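Order of writing sets the chain letters: A, B, C and D. Residues in each chain are counted from 1.
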Amino acid sequence: MADMTPEEIAQACGRIMYAEDTSSQHMGIELLEVRPGYARLTLTVRRELTNGHGICHGGYIFLLADTAFAYSCNSRNERAVAAGASIEFLAPAHEGDVLTAEGVEQHRSGRSGIYDMRVTDQTGKLIAVFRGKSATIRGHFLDEHKGEK
Amino acid sequence: MADMTPEEIAQACGRIMYAEDTSSQHMGIELLEVRPGYARLTLTVRRELTNGHGICHGGYIFLLADTAFAYSCNSRNERAVAAGASIEFLAPAHEGDVLTAEGVEQHRSGRSGIYDMRVTDQTGKLIAVFRGKSATIRGHFLDEHKGEK
Amino acid sequence: MADMTPEEIAQACGRIMYAEDTSSQHMGIELLEVRPGYARLTLTVRRELTNGHGICHGGYIFLLADTAFAYSCNSRNERAVAAGASIEFLAPAHEGDVLTAEGVEQHRSGRSGIYDMRVTDQTGKLIAVFRGKSATIRGHFLDEHKGEK
Amino acid sequence: MADMTPEEIAQACGRIMYAEDTSSQHMGIELLEVRPGYARLTLTVRRELTNGHGICHGGYIFLLADTAFAYSCNSRNERAVAAGASIEFLAPAHEGDVLTAEGVEQHRSGRSGIYDMRVTDQTGKLIAVFRGKSATIRGHFLDEHKGEK
């Protein structure tokens, strides 16, 4: 790992997390990009994610944003978990929409961080804003000496 | 509907919502109880809701709480949607845990409401607290004159 | 301190905090009651807390709730600070209104806690709901052996 | 007003609000800049804003951020109020620190908006992040035909 760049470390962390992450795979969430403090993921609104009227449940919009947050705050080879989050729902998403969540690290200090995610649809319309608070726990994705464990 | 009690209306709204709610059915969320301003739901943490280490993804804990919130704020025959929500994750949930979300209406005035949900496991341990803000939209579950539509 | 009840400890912690708390004194916030995990405080909406139209600034409603939260989470002889908070403004408060903030401890575990405050006016009308997250820091109000330091 | 640019309208709205805003004047909050959807304000941490140990009360950090939010969401000649807000406290501020709050409009649609404020000290250190939700009410700052009322 000693000779990897932060970008390579972030990509390797994302790859390892996603391989373990049967839940995101099961949901159909795809990982598009991971950089230090940043991740971009996508999810298509299938019928089973909607209520009976073709509107995506807010809980799945949260799930997508929360997953993007998880990949963002785990991109530096330190494992972190969500301590809390808030979401504002700004516009409905419909069956067939392709949602993208991406975000920025607002703050990282000691064991905690703040990450802001935006969820947009395929037209760029803002569907939701999300703010997550992370807490670092023990553990790494990459072995400090030998690379991917 | 004119001769139904608020409790009967709440139960009927819950029944109608759940029949439409293919998403909750698909997720395995069960509706245990609906009263005016209140709902209690349960979800068992299956393997596909966990990360690779047997810990339930926070997004699914949110989803359960958000669903309980939806049934709570739709229990008076006025359709309402989530405008926003926040969650604090207090303890991890593990594969096999049976989670229950229930909550109270803190406020309802004009078109908006505030609902607090608590998510506990089968031992009564508090896993998360959730606060949702609702906004009433047009539409009813029950016909004002004839009962269930 | 060894022979004090939790209620006596909470009252002593409140008394010591308030004596140090020139800010609350300056604002006119009065401490009515402190119990373990609970505090009740009051503030009258003076002209200088309003905008030009007699409506209390939301910032001062937050300040009252946040102060009640601080006394609640510092009532067990362990110093704690606010890590974050959210507030929902439900009804305006006017010049001359007597606001009361009180709340309950929802959770306390390890170094962190969740506290819910309600702000009401003199008629009992709900003005705002507030949720605070606390983090314990080093330090005590009472000497473990000899009582008030 | 018809021949004013959005920047001139924002500046005029800020000037009119501040003249009415005896509370901010009383607190020592200074208005540095207003643009459409944006405001920058400053506050020096005086002794009476601190607890007994020279640390600024979180409630005053909120108050500064909330005031910056108010000027941001009132910068387009439509009166708006806060519906709710959340804050994360990231580092303490001390007596003598000069705090600045500024922020961006994340979203504006229909009657509601989302605004993110950052509070920094004189060294640029991030002290808090704040997210406010606004709701437009009736009323304007400037007469549509004749300019400042």
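Just so we're on the same page, a residue touches a chain if its C-beta (ideal position, glycine included) is under 8 Å from a C-beta of that chain, and two chains touch if they have at least 3 such contacts.
Source: prediction; values computed, not measured.
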item: Interchain contact steps from chain A to chain C (minimum; 1 if touching); value: 1
item: Chain C on chain D, rotation in degrees - Cα superposition, rounded to nearest 5; value: 180
item: Chain whose average C-alpha position is farthest from chain C's own; value: A
item: Chain pair with more C-beta contacts, B-C versus B-D; value: B-C
item: Rounded Å distance, chain A centre to chain B centre (Cα mean); value: 24
item: Chain centre separation (chain B, chain D; CA means) in Å; value: 36
item: Chain centre separation (chain B, chain C; CA means) in Å; value: 31
item: Residues within chain A bordering two or more other chains; value: 84, 86, 88, 133
item: Residue ranges of chain C in contact with chain A within the complex; value: 84, 86, 133
item: Touching residues (chain side chain B, partner chain A) in the complex; value: 20-23, 26, 47-53, 57-60, 62-63, 66-67, 81-89
item: Partner chain D, residues of chain A touching it in the complex; value: 86, 88, 90-91, 106-107, 109, 114, 116, 118, 126, 129, 131, 133
